[in-house]
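Following: one structure in structure tokens, then a few remarks.
We call the chains A, B, C and D, going by the order they appear; numbering starts again at 1 in every chain.
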Amino acid sequence: MPILENLWIIPLLPLLGSAINGLFGAKWSKTIVNSVALGSTGVSFLCAVEAVREFLGYYEANHKAWVKPFFDWIVAGNFRAGFDLQLDHLTVVMLLVVTGVGFLIHIYSTGYMAHEEGYYRFFSYLNLFMFFMLILVLAANYVLLFVGWEGVGLCSYLLIGFYFLKKSAADAGKKAFIVNRIGDFGFMLGMFLLFRTFHSLDFSTVFAAAAKPEVAVEPMGQFGVLTIACLLLFVGAIGKSAQLPLYVWLPDAMEGPTPVSALIHAATMVTAGVYMVARSHVLFTHAPTAMYVVAIVGCATAFFAATIGLVQSDIKKVLAYSTVSQLGYMFLACGVGAFGAGIFHLMTHAFFKALLFLSAGSVIHAMGGEQDMWNMGGLSKKIRTTFLCMLFGTIAIAGFPPFAAFFSKDSILFAAYNSENGGKVLYGVGLLAAVLTSFYMFRLIWLTFAGEKRYDEHKVHVHESPLSMTGPLMILAFLSLTGGWFALPALFGGKDYFAEFLSPVFGAGEAAGGEAAQSLEHMLSIVAVLAATAGLVVAWRMYSKTVTRGTSEGVHKLLYNKYYVDELYAAVVVRPLMWLSTNVLWKVVDAGMIDGAVNGVADGAAAVGDTVRHTQSGNTRSYAVWVVVGAMVLLGIVFWPILHPALFGGVR
Amino acid sequence: MSEILAKYGFLIVPIIKVAILVLVVLTLDAYLTWLERKVIAHIQARWGPHRVGPHGLLQPLADGIKFILKEDPMPTGVDKKAYFFAPFLTLMLALTSLSVIPFGPDITIFGYTTNFGIADVNISLLVLFAITALGVYGIALAGWGSNNKYSLLGGLRSSAQMISYELALTLSVVGVLLIAGDFSLKHIVEKQAGDLGLLSWNIIGMSKDHGSFTQIIGCICFFIAAIAETNRVPFDLPEAESELVAGFHTEYASMKFAMFFIGEYTSMIAVSSLFTILFFGGWLSPFPASWTLTHYLPSVILVPLGLWVFYDGTRYETILGRIILPGLGAVFTLLGAGLFLSSTVNELIQGPFWFFAKVGAVLFFYIWMRGTLPRFRYDQLMDFGWKFLLPVSIANVVLTSAVIMWRMK
Amino acid sequence: MISGVLVIFFVLAALAVFGAVSLILQSHPIHSALSLILVMVSLAGLYLLMGAEFIAAVQIIVYGGAVMVLFIFVIMLLNAGVEERTNFSKMATFGGVPLALALGGIIAAAIARSSGQLPAPTAAAQGALTSTRELSKLLFSEFVYPFELTSFLILVAILGAIVLAQREN
Amino acid sequence: MVPTSYYLVLSAILFGLGVLAFVFKRNIITIFMAIELMLNAVNLAFVAFSQALGKPDGEVFVLFVIVVAAAEAAVGLGIIILTARNRRSLNVEHVDLLKL
């Protein structure tokens, strides 16, 4: 069966799974729920693979992206937003990542959530998320992409607040939702602007129009339409992908179950921003200013989040900030025009960050819900598999060859170094962030697994997780080892297969060959490795021996409290809003005007009734007379043209 | 003579006819009472009236005189208007109801053709029903007006009974109307004419030229309902002497009572005539028109009867009887002979002869029933009317219309 | 010159109006009922005058023979006495009579003013009216659905009356 | 030949008298009769019009009116009987529970 021709199957399957589980799952045993959830996701993964295969054949035949409109969704005037699905090389990468990683995490969840309440609810949400994510990825126009965009936002809200009885979880969900609203607002404005400019929101149309030679590249520092549009879109990306200054929701999102953190808040959803930027690279390349902003924001975020990550004691918080920082890397790549590198890092990051989160989850599982690294230690003996997997992930993220992140991060830094106006600075900061990254990751490793145990043996019974959890871990570990090898030949003068693969989308951009570049790249990668090693050494010096939680003051205190950004927002944004809502909107507008109007109407009616009531004497004869009065009025109206000469002595 | 008639006929003839009719009908009423008393007496193995005149033949006269001479007391606390109005209304309506009944085919005297009856209305049946419908007021008002609980109950009963049985009465006629396709009684009778004689009457309903169907069901329903309408036994609850003294006319005496009395018998005659017209072919002879010999039947009956009366009268005990009866016999004989001799008069008499013969038979049936049947209980009356008579007559309507539709095509 | 028909009309009209007035003036319901019967009978006479003989007959049979009998039956059943002239309703006491007269006045005035527009009854019209057959044709062809509806209405009314009249048990 | 307007005026007068009775009488049954009187007045107008226009439609309407009036009488009198049973009075002014 040609999957490509009816591509809608791929997103539909998870939706069905979600619907079935959501509607009937409550009654069913865990086994059935599992089979439904895993079945739908797995089949859709297989479909995705088949679709990719067919697409590659299609591309060989006629060199263009595959687009098919399935049905009209909104048609108003000259505006059309259809349910159109698109498949090109960029989509292929995202599709495989989403379905593949998503499937693995589903498997993992069956083990992790085994003892949780609302088992079916969890899987229903998870499948729903898969559906929306796939819509987002496959969308062929901004509107449909926005549907997926909002949908994943919803699912993230639902899943963060999965333990909705826990106030912190509920608040975190709300926070994520509200912060995202800000970004979405920007995104919508951007869409409107694009529609106003190009009279369409279909990717093909917009990009074709933007790619025309007569569309001038707006020079640096000039804010033309495209620049503003790109910046607005980037605001959306900032919100969704937790960049400065809207990153605050992501760390709190760790309140959700760990698989959720792995899937949504590390592997897939948060990278939607990157995907969106890469998807609209045509626009961005025409707006260098926007690109520059993207690069700076990404770079800054990478460093900033890494610094916070240094001192966190909650294992998931560390990973969360690490995620923010890695996303920063991706945006840095996009900002310097190395979209391919960005997507490459997106993929590898999906592998190893999912791996890390799942391992962390496994650790937490083993520790019976304990998340504070200061209460762990010496776990390496007890849970060896988890330890090894986590070690793989750490090495991968730290950027040691031949692990995945080495290649991706390396290419990003290389691109940054090569980019004009201030590329060196970006490179420097990026490098520094890399050092910090490897530091906090190995700190995590040592605090968690090395040293002697800092937990009470009798309270916590440490045990290795079941195969349903360790299995995905191993697969992901393998992937995060090999995931980067597409680019392996590039080191030895060969060509970067990944960039090659994406070149139909991004054009054969940054595979800049040449001997000089070659040597430079080698040099830079050696530097990067050295930086990672530095981080490793410092972490070893500080944490390999027995350590105790020290009192935090000074810089440490500042970092530990995340630069007081939350407090700042609370003071600057939240409190004024609260005050406004309470004293103006609620007490004046709502209570005063709206309720006043409603109650006023009611009271008026009551008052009128009170006076009119006296005509209702209950005496039938009075009623009869009233009937007569009414009849007289009616007849008067009807007969008026006949009567008024009679009444006013007119002559017929 | 004839030109005068041609000129003022429209004015003179009706007056004459009304005068004759009233005279005839009042006499008929009077002797109907006599007949009733006699017949019932014989049914009950009694003699009945036989003091006043031979075989009590002068009894009605005596009764009339008695009614006129009696004192007319008025009870206290009566509703005067109603009390006085009721008997007049009853009698008036009863007499009016006769005005639309054709007693025979159109006749021509002295070259002036007129219908054998007072008025010839083309909706005479409806008029008749209208009048009978109003008939209830007499009784109801009498019951109400005379300020007496028995009367009131009588009035109540009669009004309820009237309403209940009027429906059945009307519906049972619909079949006949469907056959005749006309409201005029005259046409209804003429429709029943056929060379089959009595077989083409509505009760048998065998006729070739137009769609027809036997109205036996309708006939029975009509007869029962008619008895109820005239408050006769077994439906005489308004005046059930064993329960309500005399029902609605308990408080009436002398002429007022007489009016009720006459009214009742007149309406009996009217209803019988209607019955005859609707189902038994009115004035039509039961024999096919081709049997001209049967035209002499009147005289064939009258002459022997007269002779027997004459012979029997001569042997009567009292002198008066020995004077009256032979005289009567002689009259009969001469009448029969006269008819036998003048064929024109004979032809003229055919219709009325058969008509009154049939009506007489029906009246006799009335009396016979009174002598035979016990009275209904009230709830039985209502149940019978609503749960049996009405459905049956409706079924008759449906059946008849279906059959006629089928026959038409 | 006043034709005989006109004379009859005026006699019947006078009877009708007299009946209506006496319906109001009589204090006893049964006398009011009798007055109403008078009105109805004279109306039937008027219908005959207009050549609508079937309507006339139906008027007497249904109204005179059924409806009013029902009224009188109920009056007897409830043994209604002379009505008591209470005046609890100020509205009716002061406003009622003039208003009612005014209403009648309005209609009468409207008719009087517009009587010019009315087509004078033609002989043809008279002829058309006399035929009961035509009436029935119309009733069962053009107005057959209303006719069926009315029959259904009657059925409902019968059921309603039964339900109302039977005692609770 | 009687002019149509005569009939109409007569029907108007009868209708007015009906209304008068409707508001003037106290006895439920009489009020009900007043309604019947009004219906009759309307019927007269109907027949007059159908005579004037030479179309039998008016008479059909009259038939319908009569039928409906009969049904109405049946139900209405049933109600009256119930009222009289419960209130022990036929005076409408004693039937005054229909109020606040």
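By our rule, a residue touches a chain if its C-beta (ideal position, glycine included) is under 8 Å from a C-beta of that chain, and two chains touch if they have at least 3 such contacts.
No experiment lies behind these values; they were computed from the predicted model shown.
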* **Chain closest to the middle, measuring from C-alpha centroids that were averaged per chain** => D
* Structure fact -> Whole-Å distance, C-alpha centre of chain C to that of chain D, is 6
* Structure fact -> Cα centroid separation, chain A vs chain D, in Å, comes to 78
* Asked: Could you state the distance in Å from the CA-based centre of chain A to that of chain C?
  -> 83
* If you average the CA atoms of chain B and of chain C, how many Å lie between those two points? -> 32
* Sequence positions of chain A contacting 2 or more other chains -> 617, 619, 621, 624-625, 628, 631
* Asked: What are the residues of chain D that contact at least two other chains?
  -> 19, 22-23, 26, 93, 96
* Hey, how would you classify the chain contact layout here, line, ring, star, complete or other? -> other
* Structure fact -> Touching pairs of chains in this structure are A-C, A-D, B-C, C-D
* Write out the stretch or stretches of chain D touching chain C in their complex. => 1-10, 12-27, 29-30, 32-34, 36-37, 40, 43-44, 47-48, 50-57, 59-60, 62-64, 66-75, 77-82, 84, 90-91, 93-94, 96
* To do: Would you mind writing out the residues of chain D in touch with chain A in their complex?
  => 19, 22-23, 26, 31, 92-93, 95-100
* Structure fact -> Counting only contacts in the complex, chain A reaches chain C at residues 617, 619, 621-622, 624-626, 628-629, 631-632, 635-636, 639, 642-643, 645-646, 652
* Structure fact -> Note: in the complex, chain C contacts chain A through residues 88-92, 95-96, 99-100, 102-103, 106-107, 109-110, 113-114, 116
* **Complex interface listing, chain A residues touching chain D** => 613, 616-621, 624-625, 628, 631
